[in-house]
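Presented sequentially are two complexes of chain A, the first with chain B as partner and the second with chain C.
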Partner chain A sequence: MKRVLLVIWLFFLLIVQTPGYAQTEPPVSDDEVNRLASELYCPVCENVPLEVCPTKACAQWRELIREKLALGWNDEEIKAYFATQYGDQVLAVPPRRGFNWLIYLVPPLTLVAGILIAIRVIRKPKTIPAAQEVSNEGPCRMAAEDFISQIENDLEGVE
Partner chain B sequence: MIGGIGYGGLVIALVTTLTAVITSLCGGRSRSAALIETARRAALITFPVLSLSILALLYLLASGRFEYSYVYQTTDLSMPLYLKLAALWGGQEGSLLFWCWLLAGFTFSVVARRWKTEVDLLPWVIAATSFTLLFFIILVLFFENPFSRYFITLDGIIKRAFFPPAMSILAKPTDGAGLNPLLRHFGMIIHPPALYLGFTGFVIPFAFAFAALVSGRTDDHWLKITRKWSLLAWLFLSLGLVLGSRWAYDVLGWGGYWGWDPVEISALMPWLTGTAYLHSAITQEKRRLFQHWNIALIVLTFCLVILGTFLTRSGMLSSVHAFSQSAIGPAFFVFIILMFSISFGLLLHRWSALRSENQIHSVFSRESAFLFNNLLFTALLLICLTGVLFPIFSELLTGQKVTVGPPFYESATAPLFGLLLLLMAIVPLTMWGVSTSRNLGRHLWKSALAALAVPLIVFLAGVRNWFALLAVWLVTLAIFTTVLDTYRTVTLRASNRQEPVRQAFGTLVRRFSRRYGGYLIHIGVALMALGIIGIEFFQTTTQGMLAAGETLSLSGYTFTYEKLEVTDNADGRNSARASVMIKRDNRELKRVFPGSDTYYVSQQSVTLPGVRSTLVDDLYVILVDWQPISSEGATFKIYRNPLINWLWIGSGVLVFGTLVALWPTTRRKNIPRTHQEEK
Partner chain C sequence: MTTLPVFTQDPVNKAKKRFPYWMVIFGLLLVGLLITLGLWLKQSRQTGFEVGAEIPDFSITTFSGEHYQKSRMDGRVILLNFWSSWCASCEEEGAILEEVWREVKDSDDIIFLGVNYVDTENDAKAFLEKYGITFPNGPDMGSRISRLFKVQAVPETYLVDKDGRLAAVQIGPFQSADEIRAMLELAK
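Let's turn to the complex of A and B:
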C-alpha cells in the first residue's frame, strides 16, 4: 500500500514539475500579454496594434505571446521573434539601423533648423526706443497701467 | 432614368468646368470682360448641375436600386433611410462626387459675391477653383463613377459600366452588401462631411493666394478677403477631426481617441498648416510680416488637402480607414506635383514684390511668439509627414515594410505640444513691436506662480509624474493668463467708461470678436489638453475572463459580470449584450451593457463599449470574447480614462470660440467722446 502511495506521490510531483504542465496552465495574465501586444502590430491588418486586433489570427498570436512569456522569454526576445517571423512591420517603430535612422534624425534636425530660422529672422535693433526704456521703470501701479493701455492699443489695431 | 440624370449632370459639369477654366485663363490674360463673365457664369452653373447628380445618387441610394454598383456596395434593404442617405460618403465613388459638389458650392459662393475693387483677382480665382474641380470631376466620371451599373455578359462575366457592354444584360441584385458596419455611427455620419467641408473650404484661400500671385496684387487684399473663409474651413476641419476621434473612441473599441493612424495624420496635416496660417495671417495684417510665408503656408495647406485625399482614396496606405483601393493614385500624384510646382514657381516669380516691410526686433515681442508658433506647427507637420511617408519610401527604396506607430509620434511631438501650450500662456502678456525680457517677465512671474496652485493640489493628491505635473501647470497658466487679460481689459473699460462690467464685456466681445473668439479657442485647446493629459499619463486597464457573478477590479472600482444575452435581429445582426455592474466601496454606480454586433452578410463585427462617463473619468468596458453556447464565461477588457471628457468639452468650447471669431464685428462709430457725453 505504501509503495502504491509512494508511486502516486512521485507521479504527482512529476506532473507538477513538468514544463508541459506549465504550458497548459500558463501563469501569465491577460494584462501582461496585452502590455507586450500593445507594442506589436498585427502582421496581417496593417496599422492595427496586436493588442486590439479582433481577428482570430491575432488572438492566436496573443496566445503565442502568453506561451513565450510563460517560458520565461523577455520582451525584447519576443519582439525579435515576431520581427524575424513576420518582418519589421510588426514592430511599433522601425528598428534603429540602416535606412531607418533617417526617421530618427528628422525631429532633432527640425529643432536645429527651427532655431537657425528664428536666429535669422529675429534681428535686434541697434537702439531700443527711449519710450520703451522708460516703461520698464517706475512703480508697479504705473507698470500695470502701461500694460493695460498697451492691451487697449493692441485691441484697436487687431480688428 | 434617374441614373442617367446623375450621369448627365456630371457630363454637363465637366463641360461647364472646362469652359470656366479655359475662358478664365484667356479672359485673365487678355483682360477681356466678356470672357471673364463667361467664366463666371460657367463656374456658377456647375453647382446646380452637380446638385442634380447628388440628388440623383441620393434617390438611387434611398430607393434601393441595387443594379447600380455603388448602391449595391454601400446599402442594403435593412438599413434605415438616414444611413442609406449617409452612404453618399460611405464609399469611394460617392465621397469623391460629394467632394466635387462641396467644392462647386464653395466656388459658387465666392463667385456669386459682389466683386468690387478686387475684380482683377476674379479670373484667376475661377481658374484655380475650376481647375481643381475639373480634376475631381474627371476622376469621378472616368475612374470612380457612382452611376456605374452591373452587367452580365454572355460568357457570365459581371462588368461595371454606365453604358451596357456589347452582348450583355443588366444585373439586378435583390439586396445590397450594406454599409461597412464600422461606419454606422452618428460620429461617422457627420465626420466625413465636416472633414470634406474643411478640405474643400481651404481651396478658396488658396485660389485667392494664387490669384494674387498671378495678377501681381501681392498686397494684403487676398488675405483680408479670405480671412473668414480660412476660419470657416479651419472650423470644419477641426470639427471633422474631433468627430473622427469621438467615432474612434466609441466604435473601434481600443479605449482611445487617437491612434496615430496614417489616415488620421493625413487629415491632421492640413489642420497644422491651416492653424499656423491663421496665426501668421494676423502678423501680416498687423505688422506686415511673413508675406512669403503666408502664401507658402496656404499653398502647402492646399497641397496637403489633396495629399490627404490622395492617401486616403488611392489605397496607398493600408489602414482601417483605407477601405477601398483604386487606380486613381497616379492621377492624384501628377495633380499634386503640378499644383505645387505652379504655385511655388509663381511665389518665386513674385518673391521681391512680397518682401516684408518690417522686421522682428525682439525675441519677447508678440510677433516673435507668432513666429515660434509657426515654427512649432511646421516642425509638427514635418514629423507627421515623415512618419506617414517613411513606410512608403522604405518599401520603395529598401523593399522593407515598416510601421511608424504611436511611440515615434508621441515622443517626437509631445515636447512641441508642450511648447505650444507655453506660447498660448505667454502670448496674452506679450506686446507688438519692441519688448524686453524684463517687460515680459514682470507680467509673467505672478501668473506663473499663481498657476502653480493647481499642480500643487494634484501633487498633494498623490501624483508624482513630473511630466504630467508640468503639463497641468502649462494648461493652468494658459487658461489663467487668457482669463486675466480679458478681466483686466473689461474692468479697465468698465471703470473708464463708467459702464457695468457685463456691458463692457459684451461690447468688447462684439467689437473684437476675432480676438475673444481666439481666446475662447485657446481655452478650448487647454481643456482638450487636460483630457489628453488624463488619458495619456493616467489611463489604466485590465482584462480577464469572468464567469457570471465574478468580479474584476481596476483603480478602486469593481466590475461584476451579471449575465449575457445573445439575440438575432431582423436587420441582419447578431447582438451580444453583457450586463456589468460597476461599484465603488460597495456602492452601485451604474450598470453598463458592453456588447458586440456581428453582421451576417459582411461577417464583420462592431464593438459596443459600455461606458460610465463623468467629468473625473470614463469607465470603458469592452466585451472581448464570450462562449456562444454556454453564455457563462466572458472576457472583458476595462479601461479607466481619467479626464477624457474634458477633451470633448474643450472641443465644444473650441467650436464655440471659432463661431464667436466668425461673428461679424460691430464697428465703432466715429463720434468724439465729448460729443457723445453731450448727447
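Let's turn to the complex of A and C:
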C-alpha cells in the first residue's frame, strides 16, 4: 500500500512539476552573452573586449548582460545602458555624434584626397628640360655663337 | 687653344612650380588635425589635479536618490572616495572610512561621498550592505567624475577643502583610520 501511495505521490509531483519547467524562461546561453560582450569593451582595462576580459569586474558585467537579456532587453538597449553607466568608451563602435564624427570622416576623406593627389601626379605631363627648350635662343644660343666665332678666329690665324 | 664653354641649364627658364591651393588647404587641415590629436593625447595622459587646484563643479546622485552637487557644498570639506565592489582593497578601506564617518557625520563641515567606479548596481549595493557603509554613495554615471579626476585605479581618495580646492590626494587604500583623520586635518 505504501508503495502504491509513493508511486501515486511521485506521479502527482511529476504532473505538478512538468508545467512548471515548461513555463520557465530558457536561460541565456554563454554564446548569446559573449556575442553581445564582443561588441563592448572593458571600462577598466584598455582595449580589451568584454568577451575575453579575465577580470572580476568584467565577469560581473557579463552577468549583467545575461540578466538584461533574460529580462528581454535587446542589444541596442543593453549597449545604451552600458554607455550611460560607463561612458561611450565601452562601445566597440563609437556613436555617430560630436567628435566621434572625426573617426568616420577623416579616414575616407584622407583616402579620397590621396587618390586625387596620386591621379594628378600620374596624369601631369612631364616638363621638357629647360636646356632643350631654349637650345636655339637665349644664353645658350649666345654662348654657341661666341664659341663658333672663336673657332673661326682661330682658323683664320692658322690660314 | 679654344676652351670649350660649359653649357648650363638656365634657372630663369625653369618651369615655375606652384602648389595647387586645394593641396595647401588639405595640408593645413591635416596639420591642424594632428595638432588637435596630439593635444588630446597629451591631455588624456596628464595626471589629475594638483593640490591647491580649484575643482570644477560635479554632481552625483546616490543609490538612495539623494543629489549632491559640489557647487552647493562650498563651505564644507568633501572627502571623495572612488571605489568598486570588485576591488579587494576597497573592502578594508570601506570599513575604515565608515569608522571615521561615524565620528564626523554630525558635523556640518565635512561630507564623505563614495563614488562607485565602473561597477554594477546590484554588486555595489551588496558591497555597501555587507560592510555596513552609511555615508552617501552613488554610481559614477558615464564615468564623468572619475574622468574629471583622471582616476587610474581604485581606491583613490580626494579631499576638497572649504574653498573648493584640492587639499590632499590618497592613491591606493588607507591603511588606518588615523591616516584618514590626518588627511582631514589638511583641509581645516
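Going forward, the second predicted complex is superposed on the first by the 97 of 159 C-alpha atoms of A that agree within 3 Å, B and C clash if a C-alpha of one lies under 4 Å from a C-alpha of the other, contacts with A are read in each partner's own complex, and residues count from 1 in each chain.
The definition used in the following text is that contacts are C-beta pairs under 8 Å (C-beta built on N, C-alpha and C of every residue); 3 or more make two chains touch, one makes a residue touch a chain.
For clarity, every value in this text was computed on a predicted model and none was experimentally measured.
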| item | value |
| --- | --- |
| First (chain B), second (chain C), both or neither touched by A:Arg123 | first |
| Chain B versus chain C as contact partner of A:Gly87, first or second or both or neither | both |
| Which superposed partner A:Leu111 touches (first chain B, second chain C, both, neither) | first |
| First, second, both or neither for A:Asp31, with chain B first and chain C second | first |
| First (chain B), second (chain C), both or neither touched by A:Asn74 | neither |
| First, second, both or neither for A:Gly98, with chain B first and chain C second | first |
| Which of chain B and chain C A:Asn47 touches, first, second, both or neither | first |
| Residue contacts with chain A in the superposition, chain B compared against chain C | B |
| First, second, both or neither for A:Trp61, with chain B first and chain C second | second |
| Those residues of chain A which chain B touches in one complex and chain C touches in the other | 87, 89, 102, 106, 110, 117, 129, 143, 147, 150-151, 154 |
| Residue numbers on chain A that touch chain B, as the complex places them | 29-31, 34, 39, 41, 45-49, 51-52, 54, 59, 87-94, 98-100, 102-103, 106-107, 110-111, 114, 117-118, 121-125, 128-129, 132, 135-136, 143, 147-148, 150-152, 154-155, 157-159 |
| Chain C partner contacts - residues on chain A that touch it in the complex | 43-44, 55-57, 60-61, 63-64, 83-87, 89, 102, 106, 110, 113, 117, 120, 127, 129-131, 133-134, 138-140, 143, 146-147, 150-151, 154 |
| Residue numbers on chain B that touch chain A, as the complex places them | 252-254, 259, 261-262, 282, 286, 317-320, 359-363, 366, 368, 371-372, 375-376, 378-379, 382-383, 386-387, 390-391, 394, 397-398, 400-408, 412, 431-432, 434-436, 438-439, 442-443, 485, 488-489, 492, 508, 511-512, 514-515, 541-545, 605, 607, 625, 635, 637, 665 |
| Chain A contact footprint on chain C (complex, rising order) | 2, 4-5, 7-10, 13-15, 20, 23, 26, 30, 33, 84-86, 118-120, 123, 139, 141-144, 147 |
